[in-house]
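Same chain, two partners: chain A is paired with chain B first, then with chain C.
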Partner chain A sequence: MARIRLERVAHSYLASPRREADWALKEIDMEWADGGAYALLGPSGCGKTTLLNIVSGLLQPTSGRILFGERDVTATPPDRRNIAQVFQFPVVYDTMSVHDNLAFPLRNRGMAEAEVRARVRDIAALLDLEPVLGTRATNLSADGKQKISLGRGLARADVNVIMFDEPLTVIDPHLKWRLRSKLKELHQRIGLTMVYVTHDQTEAMTFADQVVVMHEGAVVQVGTPVELFERPRHTFVGHFIGSPGMNILPCEVRDGAARFAGRAVATANAPGAAIGRGGGRAELGVRPEFVRFAADGIPVEVTRVADAGRHRIVEARAGETPIRLLLGEGEAVPADARLGFDPRFTHLYVDGWLAGEATA
Partner chain B sequence: MSARVVNNRAWWLVLPVVILVGFNAVIPLMTVVNYSVQETFGNNRFLFEGVKWFSDVMHSARFHDALKRQLLFTAIILAIEVPLGVAIALAMPRRGAWASACLVLMSMPLLIPWNVVGSMWNILALPDLGLLGWTLNSLGINYNYTRQPFAAWATIIAMDVWHWTSLVALLSYAGLSAIPPAYYQAAKIDGASSWAIFRYVQLPKMRRVLTIAVLLRFMDSFNIYTEPFVLTGGGPGNATTLLSIDLVKVALGQFDLGPAGAMSLIYFLIILLLSWLFYRVMTSGEEDS
Partner chain C sequence: MTLALKGVVHRVAGRTHIHQTDLELEAGGFNVLLGTTLAGKTTLMQLMAGLAAPSAGQVWFGGRDVTRVPVQKRNVSMVFQQFINYPNFSVYENIASPLRVAGELDAAVRLRVGKIAELLQLTPFLDRRPAELSGGQQQRTALARALAKDAELVLLDEPLANLDYKLREGLREELPRLFAGRNSTVVYATSEPYEALLLGGSTATLHEGRVTQYGPTGEVYRAPVDLLTAQVFSDPPINVARVEKRGERVALPGGVGWPAPRSLADGDYTVGLRPHHVAPAGAGRGVAVQGRVLIAEITGSESVVHFELDGLTWVSLSRGIHAFPVGESARFELDVARAMYFGADGARVG
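What follows is the complex of A and B.
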């Protein structure tokens, strides 16, 4: 087990990348603490699987270094990195029993048979696979197979990190939750570093202590689920995370204040820095959770109210700009609808980035 | 009565297939069945003989010899072509221009008619003129397929291997290409050797196509006729008189339609039985999945 450090790692699938868009993964620096649970979150094609494969050693990065602890593993093949990976589609060795599947990586490393058996028993107990140890792996359901994939990783002692590449894709919805809580439980029990790639924010948020949000080959924010929710560093994070996503409202910056629909709007981050640089596209970001009906607010026209169970989603319009807000049960939509934003969670963005923060 | 109105005109749509199958399979087979139970004289005179020909064929040493040769031949063919085909498929590049070039190259032998393959090898292996025959003899290897049974067998086997290994290779290649990359990646992470990858990933995934390849090669090699016919006509002596050669000798050489009919049916049933056995053995592991 070790801390994992990525130093100026970048990757392109092309032989000679020239343009910005040629890079599947733009230069990143990152550190994953030993025993942490991390999620790489982003839409398809954002580079998260590329990053994962670089850490596992299935891909050689075009530039940069990967360190496990103090050891440089950039050129080390996957089988000698001591990592485990669970793939999107469960990989099991069809002709082998569940027991032999779990024993496979151990036998490949020449472990004594008695030790193999003991180890497999432990892992099977951990994953509730004991009753099926004797059956052929092909006969298991998708979630059972995925557990075998995971078990093959866990079976080896001193695994540095377990990586999950969208492991719940082919799992039935009602089993997803169960397998996910199993993973969480495993993480707490054995304290291994785990990295979980997904495009599903719920999976990322429930699994990880730290979520790495990626967009177009770059890391846009690393933070706890709460940080991502309350203080998105980029408008992409704002609308990708949360359901519905953050409202992004075009605004002006004048006299040291952000102005929207002809009114000054108080924001959590000071707009001073943005004005100092004299430009860029200015936007306000505020989540539907932090928009309220307020008597002295911005006048809007309510266009739709949708029931979403515990709350209702109100779609409104200020001039041409759509704004969404959440309305709790029992709250009514006033006749003269005016909206106010919670200043603690209203942020100013310039060119997509949170104003006043250094852009990545 | 009118409660069950069935539009029987739809049957006309099936007619073309019925006619095709009828002319193609049913009528010829029935003709053979017809011959197999009668003694045939000239002038279209026939005499019903019951199962006499079947009993004769089953007890004929000549048939037994031909059958033994046939089984040996097919066993050798399968033992060479299946492993060789799989080995070639494993060695073929998976992508890029070379992959396409290999595929085209590998399909070439399959496009050549049996007769041409036979003639080509016949000439190639001529002891005095043929490139192969002459070379072998110049190297001091006494090689003459018209005189040595072993040389004749070796030549026919070489022909068949040259002609049909591609089929096994192409089918195996298709099976290999269908394996998702994640399997190789997982095996790599699990520290599997190349042999372990072959044994536990590639071979199990190729199982279905290999079943088809083995069945096709079994049936085809069991039916082999043209190659030995073109090379030596079944000789030297009876050395390469495989079942088909023997059958044609009986049917067209001696014009014994009764025994030939009985032999055809027995031959047919053997192929059917062995194919079924192969199929059962090769798919037995999948029952429980």
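What follows is the complex of A and C.
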């Protein structure tokens, strides 16, 4: 096991990248602690798979270094990095039993048979595969097969990191949460570094202690699920995480205060001194969870109320700007609708970035 | 037009896939079929479309028995979870194809394709071939084609299941609006209760080949007639436990109890409590309990916690993202005023 460090790693699939857009992965610096659970989260094309392939060694970065502990592995081929990978589609030997599937990587390395048996038993216990050890892999359901893929990764004791590439894609929705929780539990029990690539916020937020949110080849935020929810560093994070996403409202900054719909709006972050005088596009970000009907608030027109069962999603408009809020069961939409924002969770963004924070 | 299934049964090789079903879908309405995988949603849609013939019973459409009318002779458009496009046509021609078949003029085709493409965010890709698109874009192309013509019956079988959730979020909102101004009767199959709610309209809940309830979506959700309906229409799964009602109290096997609803006779019942009616302590609503956290699941904007209480697993869903340390004890509140009670046969009794 080892700490993993990426130093100024960047990648372009073009021979001579010129423009910003030519880089699939813009220069990043990152450190993954030994034993941590990380998720790389972003929409397709955001660079997360490129980053994963660079760490696993399937791809040589255009520039930068990768270190496992103190060892520079930038030029080390994948099979010598001691990485276990679990892919979208389970990779199993259909004709072998579950036991032999799990034993395969161990026997390959010449482990004594008694030791193989003990190790396979441990892994099977971890993954609830004991009852099917004698079953042929081909007879298992998709989630069972994916557990075997996972188990083979875990079987080896010398693994530096386990990487998951959208591992739940082929799993039935009703079984997804079980496997998702199993992975989390597994991480807590064995303490191996795990990196999980996904476009699904629930998978990322549930699994990881630290979520790396990527957008257009760049890392826009690294944070705990609570941080991503309560204090998105970039409007993309606010939009991408959460359903419905964060409201992003064009605003002005005057005399050191954010103004929206003709009123000063209190924010959690202070507008930097530099902005307000022709310095960038200013926006307020506030999640629907933190918008309330308030008698002294901003007048709005309610355009639609969608019943989502546990809450209603209210769509309102302040002038031309749409604003959403959540309404609990039994809460009414007032006739004279006015909205207030919770200042602890209302943030000012300049050119997409949380004001007062250095950009990436 | 009204679509009616009258005593429809579907059997394959001696196995009954759809038990006797009577269902009348509102003309021009947006109807949701809600059920898990293998509940019979796809089979029911095939029967509606004429892709499968019922073993017994009839299918009526617009006051006409269409049971024996083949699918080609019905004005039906369909979208399935696995999308199909014409590989040699551009996206534009893919979307335009049903309009061309219908003999629409070029100007009308352009207008319609333009509008649908805009809605499905396909405008930049109109000149491309399907193979040059991402999976999501290919699926949107197939969806656009199905929406291009004004079919009397539109069947959508989990059309958003393979799309990423941000796109799904937008389309889920747009779809009912898109059909609102048209006369098509829409049937939309989904396995996701939350999606059914947001789509609105009417919902039929389906369980193992039987329609358990049909009515306005919000009503089926809030007033399920039986336990199966409540279970089908709850994600995360509704909390279910045995309770005993004696005198003025109902109690769980572990002893946690609360005042009984007046309408309930003494006896044993199953209580159902939706996960969002089990909240982390704080609101002061309902019965306070202490549980051991087993699993914490975090969506983008909600926290789902599984905890153990007297040997039973309960699920709590709360707004916002909260950290719950797994294995540790935490306090929750059961909002028992919202509890539903079911009798031995599963029928709702309180």
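Here is the rule we go by: the second predicted complex is superposed on the first by the 355 of 360 C-alpha atoms of A that agree within 3 Å, B and C clash if a C-alpha of one lies under 4 Å from a C-alpha of the other, contacts with A are read in each partner's own complex, and residues count from 1 in each chain.
Note that in this section a residue touches a chain if its C-beta (ideal position, glycine included) is under 8 Å from a C-beta of that chain, and two chains touch if they have at least 3 such contacts.
If you're wondering where the values come from, they're calculated on a predicted model, not measured in any experiment.
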First (chain B), second (chain C), both or neither touched by A:L58: first
Which of chain B and chain C A:H199 touches, first, second, both or neither: second
Chain B versus chain C as contact partner of A:D34, first or second or both or neither: neither
First (chain B), second (chain C), both or neither touched by A:A308: second
Per-residue touch tally on chain A - higher for chain B or for chain C: C
Touched partner set for A:S181, first chain B, second chain C, both or neither: second
Partner chain(s) touched by A:R287 [first = chain B, second = chain C, both, neither]: second
Chain B and chain C footprints on chain A, overlapping residues: none
Partner chain B, residues of chain A touching it in the complex: 56, 58, 77-79, 83-85, 87-89, 91, 93-96, 104-105, 108-109, 136, 138-139, 149, 152-153
Residues on chain C engaged by chain A in the complex (per definition of touch): 36-37, 134, 136, 164-166, 169, 173, 191-194, 197-198, 200, 217-218, 221, 236, 274, 276, 295-301, 306, 317, 319-323, 326
Chain B to chain A touching residues, read off their complex: 180, 182-183, 185-186, 188-193, 196, 200-201, 204-205, 285, 288-289
Of all residues in chain A, those that touch chain C in their complex: 43-45, 172-174, 177, 180-181, 184-185, 188, 199-202, 205-206, 224-226, 228-230, 239-245, 287, 289, 306-311, 313, 326
